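Following this line, the structures themselves.
Each of the next two complexes has chain A plus one other chain: chain B in the first, chain C in the second.
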Partner chain A sequence: MKTKKIGIIVLGLILPAAILLLWYYSTNFTSTPESILPRISTVGRKFREMIQTGQLQEDLGISLGRVLKGFVLAALFGILVGSIVGMSETAKRICLPTITAIRQIPIIAWVPLIILWCGIGEASKVVIIVMAAFFPIMVNTMSGMIETPKGYVEVAKLYKLSRLKTFTKVYLPHALPNILVGLKLGLGVSWMAVVAAELIASLSGIGYRMSNARSLMQSDTVIVCMLVIGVVGIIMDKLISIVFSLLTPWQKSNNK
Partner chain B sequence: MSNNEIVKVKHLNKEYVADGKPFLVLKDIDLTINEGEFVTIVGHSGCGKSTLLKIICGLVDYSDGTVERNGEKVKGPSPNCGMVFQDHRLLPWLKIKDNVGFGIKDLPKDQRDKLVREHLELVELKGFENSYPSQLSGGMSQRAAIARGLASDPKILLLDEPFGALDALTRIQMQREILRIQKEKGTTMIMVTHDIDEAIFLGERIIVMSARPGEIKDIITTDKFSRRNRGSADFAAYKRKIYNFFFEDSAELLEEAEFVI
Partner chain C sequence: MKSYRKIVSLLLTGALFVGAVGCGTGASANTNSSAKTDSSSEGKELKTVRIGSPGNDDYPLLESLKLALDKGFLEEELNAVGYTFEYTPFQEAGPAINEAYASKALDVAIYGELPALTAFSNGVDTRVFGIADNQMNAGVIVAPNSGINTPKDLEGKKVIVGIGTNYHEYWQHLIEDEGIDPNKVEIVNVVSDAASVFTTGEADAWITLYYNDIYYQNQGVAVDIANSVDNPDHAGLWLATGRQEYLAENPDVPVAILKAMKRSQEYTVEHPDEFFEAIASPTLGLDVFKEAYSFDDTFSFLNYDIDSKVIEKLEYTAGFLKSNGFVSGDIDINAFIDRSYIEKLN
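Our next item is the complex of A and B:
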């Protein structure tokens, strides 16, 4: 059991190790300039420096705050709308065509309008994240609701459960695994959206730091920011998984 | 209406629309079931027997004819009438105790817990209160489903091929269990099955249905002692009679079947 667990971790580390090796090789044994791809040691030094000055924590804190605000709002709206559209055939017919059409527009294309409407302050960043994360959450919630087996709904009908009770006892628990998938996708998109928003119009946050460093040709700062975003992303993803495995204990017993 | 007529179906017709064309699922069903009776309905799959059960419990509506429970026209589901499905339909996210208590409403928690406990004992699932359905075997799940069906204390329990998905040995065991449970609770039970042996073993009356459209061909009243004895001559005679409805020309099939028993 324990060796199996270690094996799984080792398998997950193969690709990062290969990337590091390739990185090490190309910076030390080829003539790649430092400004294009800095050495690992340079990036490490920059990382320490950014931590020591407190700049990294500050940037990360600002971006993380935006992501959380936007993501929580998107999760609330997404689950709410997804549930309504998934449970009611009429609501689905009214909303789905429009939602599907809007979904096709890339989030970057919304940025100019959102900046016009909400300015370049905090609000516009949060709105961009909400818009980006809403769709994956909503669509996955909806399909989880729609896929609820008719047999279970019939049981609720047999015992004359109210619509609200039918939702909380039948539809919602059935859709939880799908909602989890939606939230994970939504979270990933939130990070993309916040960086995109900060790259375009911002004076703070980790996306701004990247864009600023890029114009100063500081590729080491860019890479530090990228790595931090990746690591924070994977931590948040794992956190969601943990919360959900606590919320869906019946699935755990399935795997045993 | 005499007092002990608990279900009364008169001139019931039911049509479904498939591919734009209506077709008759149930044709002129006349059926009266008495309180405390165990009635089995046997027929081919697709003969509308499940639809008949769903109409009786109010899950499916009907337009033509009358269906009464306790002397009142059926307008929808009622706590008076429980149902057990072939695919147990326990909710995977609820513990067994919550599944069994699913239909109990408007009761304080302690009374509800007591009812759940009693019914888990009745179906011999004590100790599995906190398990999830995925941890139970097929037979145990079906027991839990029966407990759920009975926990809301219905007068009538409808069983839609409840043992159809179980292996032969578990099925026979469950047949004996359901008889014991019916004796203890006195619930009127109507069970749909496609297993002729099961229909005879359990049914005080056996309703034989034909398919397309679903019609009642015959109602056979069985004798208590002969139906409980699978080897008896009467049991074979009931069996022959039912076989003849479904396979009118193939009497030799039955000869073989008798040796198998």
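Our next item is the complex of A and C:
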């Protein structure tokens, strides 16, 4: 069992190790200029420098705060709208065509309008994250609700359960795995959207730091920010997976 | 089986369509070639020089080279030495041009001194060989009746400044000359969405290019409280730069470009209206550009030479980049300037 676990970890490390090796080779044994790809040691130095000055922690804290605010709101709206649309055929017919059309629009295209509607303060940044994370949560919640066996819903009707009880006792347990998948996707999207959000009149945050470094050709800072975004994304994904496995223990036994 | 084939053929058609569309356009830039053919009238093969500048198809920011491009001076001068050109406007301006330079996707670029020096200080081996405009003016606009009458009044207000751009450098000039306490000003860092932010009242002032300044004044939504027309030392530069490796291998190209720029300036003095028409953006209108560029009827701002005033400005920019921590070491301005092509021209 232990050997199997070690094997999985080793397999997971093959690709990152290969990338690092290729990176090391390109920057040490070819004429690739530092402005295109800085050396691993340069990126490491920049990382230490950003930690020592506290800039990285500050930017990360600000971005995480925005992600959490946006994600919580997106989760609330996404689950609410997804549940209504999934449970009611009429609501589905009214909302689904519009929602499907809106979710095709890239988030960056909304930016000028969001500035006009919400200004340039924190609100606009949170709204961008909410808009980005809302759709995966809503669509997955809706699918979970729609996939609930009709027979169970009929039984609930026979027992004359109220709409709320039908939701909590029948729909929700069935839709929960889908909702959790939506939340997981939504969290990932939120983390990606924060970079777009921080392009709006921002003076802090990991997205701002990245775009600012791009303007000044500081590719070492860009890479540090990218790595931090990647690592924090993995940590958040793992954390949410642990919470979900605790919430849906039957999923684990089903998988076995 | 039939439906499987149908799906596969649909997917292939889709992929081909996406491929055709995707490969046909650049992410941030469209490329225009000067010549329909790559052969000169004498039947010689013409080499292609790749030229870029900030802007878009409707409004390429080329300054003196824009008229040279429109009147065919650039094509004539390059053809005469066995070259043609391919022009690419970069919507994402300086940073995108620097990336194109770093990946050797561009040979010559006409752009601002701040991104040009940023690239040079980061090891991108470029040189400035001429000047497309030695007075790129900027201004500060505020809403009418805002109670803001001087730059000093901006303390306690929100001001739109594109960090790391020429506007940032102009802001630094105002801080130094007007005694503004920068800690008392809230900077709003937007560039592409600056107009929306300003016109919706989300910011109290906007530091922008002078023709924008004129346009919003003419629209009645802004008044000007300072500009570099009144103080030319605060204006930016528009440089003609090239990749050192390319310039060394193709020394006739920078000379031909300088010749085209020189002809452009001389032509402008004789026919100023044609210059205004060449540089005007269709969106802002001809009158705005006439007004914005009429501060000097000798058009000396189109002089291609790298004179002592230009060097002074480049040194100021280098100091500005260092003092703001945008670059770590000193920038050797003398190493960045290459006057040898100007000397060949004379």
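Keep in mind that, in the parts below, the second predicted complex is superposed on the first by the 253 of 256 C-alpha atoms of A that agree within 3 Å, B and C clash if a C-alpha of one lies under 4 Å from a C-alpha of the other, contacts with A are read in each partner's own complex, and residues count from 1 in each chain.
Note that a contact is a pair of C-beta atoms (placed from the backbone, for glycine too) under 8 Å apart; a residue touches a chain by one contact, two chains touch by 3 or more.
Here the structure is a predicted model, which is why all the values come from computation and not from measurement.
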Which of the two partners, first being chain B and second being chain C, lies in contact with A:163: first, second, both, or neither? neither
Between chain B and chain C, whom does A:248 touch in the aligned arrangement: first, second, both, or neither? first
Which partner does A:238 reach: the first (chain B), the second (chain C), both, or neither? neither
For A:103, decide between first (touching chain B), second (touching chain C), both and neither. neither
Partner chain(s) touched by A:93 [first = chain B, second = chain C, both, neither]: neither
Is A:48 touching the first partner chain B, the second partner chain C, both, or neither of them? neither
Residues on chain A touched by both chain B and chain C none
For chain B, which residues are in contact with chain A within the complex? 57, 59, 76-79, 82-83, 85, 87, 89, 91-94, 102-103, 105, 131-135, 152
Which residues of chain C touch chain A once you look at their complex with the stated criterion? 94-95, 98-99, 102-103, 115, 118-119, 122-124, 163-165, 187-190, 193, 196-197, 200, 202-203, 326-327
Would you pull the chain A residues touching chain C in the complex into a rising list? 33-36, 111-112, 115-116, 119-120, 200-203, 208, 212, 214-218
Inside the complex, what are the residues of chain A that reach chain B? 151-152, 154-155, 157-160, 169-170, 173-174, 176, 248-250, 253-254
